[in-house]
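After the structure tokens below, expect a handful of questions from me.
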Amino acid sequence: MTAPIMPKSDAADLIVAARIRQGLKWSDIAERIGAPVVWTVAALLGKHPVPADKATMVVEMLGLGEGVTESLIQQPTRVADDAAATDPTIYRFHEALAVYGPALKELIHEEFGDGIMSAINFKVDVSRRPDPDGDRVVVTFDGKFLDYRW
Amino acid sequence: MTAPIMPKSDAADLIVAARIRQGLKWSDIAERIGAPVVWTVAALLGKHPVPADKATMVVEMLGLGEGVTESLIQQPTRVADDAAATDPTIYRFHEALAVYGPALKELIHEEFGDGIMSAINFKVDVSRRPDPDGDRVVVTFDGKFLDYRW
Amino acid sequence: MTAPIMPKSDAADLIVAARIRQGLKWSDIAERIGAPVVWTVAALLGKHPVPADKATMVVEMLGLGEGVTESLIQQPTRVADDAAATDPTIYRFHEALAVYGPALKELIHEEFGDGIMSAINFKVDVSRRPDPDGDRVVVTFDGKFLDYRW
Amino acid sequence: MTAPIMPKSDAADLIVAARIRQGLKWSDIAERIGAPVVWTVAALLGKHPVPADKATMVVEMLGLGEGVTESLIQQPTRVADDAAATDPTIYRFHEALAVYGPALKELIHEEFGDGIMSAINFKVDVSRRPDPDGDRVVVTFDGKFLDYRW
Amino acid sequence: MTAPIMPKSDAADLIVAARIRQGLKWSDIAERIGAPVVWTVAALLGKHPVPADKATMVVEMLGLGEGVTESLIQQPTRVADDAAATDPTIYRFHEALAVYGPALKELIHEEFGDGIMSAINFKVDVSRRPDPDGDRVVVTFDGKFLDYRW
Amino acid sequence: MTAPIMPKSDAADLIVAARIRQGLKWSDIAERIGAPVVWTVAALLGKHPVPADKATMVVEMLGLGEGVTESLIQQPTRVADDAAATDPTIYRFHEALAVYGPALKELIHEEFGDGIMSAINFKVDVSRRPDPDGDRVVVTFDGKFLDYRW
Amino acid sequence: MTAPIMPKSDAADLIVAARIRQGLKWSDIAERIGAPVVWTVAALLGKHPVPADKATMVVEMLGLGEGVTESLIQQPTRVADDAAATDPTIYRFHEALAVYGPALKELIHEEFGDGIMSAINFKVDVSRRPDPDGDRVVVTFDGKFLDYRW
Amino acid sequence: MTAPIMPKSDAADLIVAARIRQGLKWSDIAERIGAPVVWTVAALLGKHPVPADKATMVVEMLGLGEGVTESLIQQPTRVADDAAATDPTIYRFHEALAVYGPALKELIHEEFGDGIMSAINFKVDVSRRPDPDGDRVVVTFDGKFLDYRW
Amino acid sequence: MTAPIMPKSDAADLIVAARIRQGLKWSDIAERIGAPVVWTVAALLGKHPVPADKATMVVEMLGLGEGVTESLIQQPTRVADDAAATDPTIYRFHEALAVYGPALKELIHEEFGDGIMSAINFKVDVSRRPDPDGDRVVVTFDGKFLDYRW
Amino acid sequence: MTAPIMPKSDAADLIVAARIRQGLKWSDIAERIGAPVVWTVAALLGKHPVPADKATMVVEMLGLGEGVTESLIQQPTRVADDAAATDPTIYRFHEALAVYGPALKELIHEEFGDGIMSAINFKVDVSRRPDPDGDRVVVTFDGKFLDYRW
């Protein structure tokens, strides 16, 4: 078969469309494939390779074609999208880092020494925390500390 | 007195120097002024105005001059520093947002509807979570959900 | 149905074309769906999700297809368009902010303390004010004050 | 006297420092010189030339030197400051334009025809509007409509 | 008819092609519609809305379709094209402004006070001036002076 | 004497200050040295080397030092100043080129063939044209046509 | 015929493909049309308008269609391609200018006075110079000196 | 001695000033140290390390101090200066590469195969070529061909 | 045949798809054509021209068409892809250069004198080095030293 | 002592100056403090915190002051320097990544799966490899593989 593999952005568009038309929530899909929900969304949007069995489950669940499965399985290139970073929902995270990033850096170094929070050995979760003054979005970044080690 | 107010970056440099030379931790200072530690560091680095009583306490604790107190109290301009964002410790957060930002956006909208996590009615914490595979940096962003409301 | 959802920019192009060909004003559409006119235009251009009933009304009014309805309902990604910002009609607003932005910042802080005008809990209106020296464009930004609150 | 004129940014720094140290509000100064408050702040921050009599009043009121007067009177170069535009208080205005700018453009053209809101024959005001859900920042841009006229 | 309006860049491509194939000069078209030649070219390239009668004349003269007429009539978005600005013929104007812009600013302010040359109430003309050392391109910018007026 | 030559921007600052303090107009200086006024301003702001005799006249007229003379005589590096281009008085020229640049290019090529208006063998003039609807700024660019010639 | 003129980049792609498939060298084509080889390649890649007779010869020689002829004849817009400038073969020229550009500027001014090497009245040649240590690429830029002349 | 080495840009400023005040040409200096003139200017402007004997000769010839000698001898960092590249004298070279760069690339590959002209094993010369239509600037780039070789 | 040559990015997409569908490793292909594996991958992704015999072998091995062969053989333009550089796997190399680049520069000059490591006469290898603390990626850059030589 | 800590760039300038004036090689210093040479240079240039004992040794060895010791010990902010990346010696590494980066990515994923080479648990070495065709610079990047692990 001499056709290129479906781009991950095309696969993501089809998954998003089918999900909405079938009235499924992201958490329904995540539960179906037994994976954390943030990971699941990121992976189906094209940011992670999806294991073959999970890719097949998603594609069957949403009634999509094999080309989508094949696409999901591939290793992605994860490029930064500067335009998307201006979306207000995403921008607030970057703004928070502009304000608190240097403080986080100071405190990571004070606590752990010279090194970084890994963004690879890493997980992230988002939840709702009820609050009488208005519910809150709580996002937890959780990465292994890696010290600068020669 | 006809001199400009000391720039907050100069005040921060003096605070950092005095803190190090006196062997104090950021948490020592935060405890002294009774404020959360991330807020304290951010504020002393120039990202928040510091209430006058707290500014005075910090300056006395570190043996600095009144010019520092005056500077700390001022309203800051909080500009994004693109160069600092390339520091590896800070960059990993931005990279994580490049990978997971669109997924966070999907899930915030699924859970809360159209709106954002406030970066103003907002707090952030950093902590160490012990882990046999290597301790982990856990950073929690906690902001009020604001729905697009006309 | 395994097709992606129509992009909001395509839906907007169809709405604009139908509106013009039918000789309708934006205010006709806004009135029809019972929504403020600036909100209506922004939403139909793809900047806000449109409630299903309003989306249906617009699509029927303009004789468009269901794909447009489906597109209008979706949650948008609201990216900044740097090229559009150079259009003279839009540029003048950015220029005014370059000249008066720091003054607005000073006065907001003087009046309200440390915080911002929300761009989410926010409405905007545009009107004509007759003036013997030439009528004037009056644009009112009206956003809830949010104080920096930990 | 062979010295350059004091840069307007230096004059602004001195004015801001004196204003704060003397416990004056911007509106006190505006009232003293009989000028609108947003204009006054913008002008003292260096964005407008200040008439000689008003400049003298400000400098005397704040106890500054003649070099400040001379600086205030000069014609400014009004350059856009991209860094300052990332300050959250100012950024929200730019974000609102990213979301509503194209809608404002549509409505200005629908109402007035092809042309722009002048940013030169222009005034801007900021006020507080009490609201039980939280007071609001109301900013009004008011500029003469200029039609494209050959 | 549920199709988007032809983009102005497509209309311009068709006009340019027809003009060349029919051996017409821009001035022939300008004369036919009774409009200044620089205005005519700019408008047909998509920078100005064309009055319906003039659009019809141009389209008939060039044997194009109604879709072109419809496109020409629309209000344009006039975005700056940074790539086009590097074309040597256009770049020389920007270079001249880099060299003489500050001087023009000084002299405009000296002669008129604080304000600008309008680019909206504005016309521009280009002509050839014979010169024994080589003919010259003479371009005249003619805009109404607008003073900063609150 | 082992000191660097005074930078042209410093020389310009001194000239501007002396000119203002002595109440001279740019045209007074231009007349004194017998040179066109736009050329004179551009040159004294550092954009052209000034012939020694003219530099001496200017420095004597303004009561400045020999370091200024020496600086004025030097060959400049003429770099584009992107920040200055956002000043509204200068920006309008760039905006006009964004709107009319492609039309000027079409007409230059139609009249002259393939080539450019020189920005080197070039002069520019600015004048006031009285107009009952408001006086106008008229700026004339006048450059030798250079054809692409191998 | 109501179709746009073939873009010059498409014409170039067809010429390159035909040239390669027919085993012709650029110099074969240049010789056929009696033009310098660098000029010929630049023109066929879309950087210069090609005289009608030469365009016809090239298209016949390569067995292409009339649409290519029509495209070649047109006046080009010559935009700078920042991406192409990173190709190592082209980048070395820009790097050499980063290293030697200021020195060339000094020497041009020392020899010729204030002015530039024209890039319009200009020719460029490339040749191989045998050298026992490895043959050399010799590129000669040859442009008329233009002095800044008011 | 615990002071940093004089930056090469400071050394260059002193050399330029001394050269001009003593009425020396660059070629006088080049001749004195027995080096090619373009190399000499580039090196003295800070783009090449200068051998100790040549550095000493230059500093003695110009009556400068030992700090200049020490500075000249150092290995430079040769960073590209984007602002300087907009100077018209230098810009014309970059513009010529925008127009002819792809053609040079085609011809280098046709003649030499896959590879580049070295910018390291490289020399450049500038000369005046008399021409009845106006003398010409002739700049020759001469670099060893390096083929892509694994 | 009057069709453009298949772009190298299209050829790469087809090669990647066929390789994956046939379960081949890059090293299988490299072995088949007798070429180093990093060179092979780079070349098939479009960064090097592929000799005709090797191109034919690859295309036959993967069951692709002659258009792919023709594309592979062509001389590439190797442009830098700024977006791809943000992929975390590639970004780490750039980050390492931000941290260690100046040190590598110091040591190259100390050992070899003024010059560079060629990126043309150059090879690169990647391998796995087992390590009890986790296996390591070892990448070796190996380029001929080129001294700045006039 | 109320003075800021000496910036690491100032400390680096003093170290570089002292090293050169005393005729020491970087390897002499590395040997003295018992650390790898690339690490040593990077650390002394300000890219790594230096352990107190090693900092003291360096400062004594070079006859510098305690302010340098204090500076070396601090945690650095490691910002990317875009200008320095254009230095030819450093640029070649970035160019090699533009050419070979995607291939390295393919092979890392083929060999290790989805993940990255750490730039934190990482070392780099540079050496000279004699070669009859010209000695070679060999740079080895050696980083722990980190797999994307949730």
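Before moving on, here are some points about what is shown:
Letters A, B, C, D, E, F, G, H, I and J mark the chains as written, and numbering starts fresh at 1 in each.
Quick note on the criterion: contacts are C-beta pairs under 8 Å (C-beta built on N, C-alpha and C of every residue); 3 or more make two chains touch, one makes a residue touch a chain.
Since the model is a prediction, treat every value here as computed from it, not as a measurement.
Where touching is counted per the definition, the chains common to chain D and chain J are A, B. Matched by residue number, over half of the contacts between the chains of A-C recur in the interface of C-E, chosen from G-J, C-E or E-F.
Set against the C-alpha centre of chain A, every other chain centre is closer than that of F.
Chain geometry summary: the mean Cα position of chain E and that of chain H are 42 Å apart.
With centres set at the average Cα position, the gap from chain B to chain H is 47 Å.
Averaging C-alpha coordinates per chain places the centre of chain I 25 Å away from that of chain J. Residue positions 77-80, 84, 86-88, 95, 98-99, 105, 109, 115-116, 118-122, 146 of chain J each touch two or more of the other chains.
All chain pairs that count as touching, in label order, are A-B, A-C, A-D, A-I, A-J, B-C, B-D, B-I, B-J, C-D, C-E, C-F, D-E, D-F, E-F, E-G, E-H, F-G, F-H, G-H, G-I, G-J, H-I, H-J, I-J. Residue ranges on chain F touching chain G, taken from their complex, read 36, 39, 48-49, 75, 77, 105, 109, 114-116, 118, 120-123, 146-150. By the touch rule above, chain F contacts chain H in their complex via residues 1-5, 74, 77-80, 119-120.
Per the touch definition, chain H reaches chain G in the complex via residues 25-27, 37-38, 41-42, 45, 47, 78-81, 84-85, 87-90, 92-112, 115-119, 121-122, 124, 126, 128-129, 131, 133-146.
Of all residues in chain I, those touching chain B in their complex are 86, 88, 91, 95, 98-99. Taken together, the chain A residues at the contact with chain C in this complex read 10, 13-14, 16-18, 20-21, 63-65, 83-84, 86-88.
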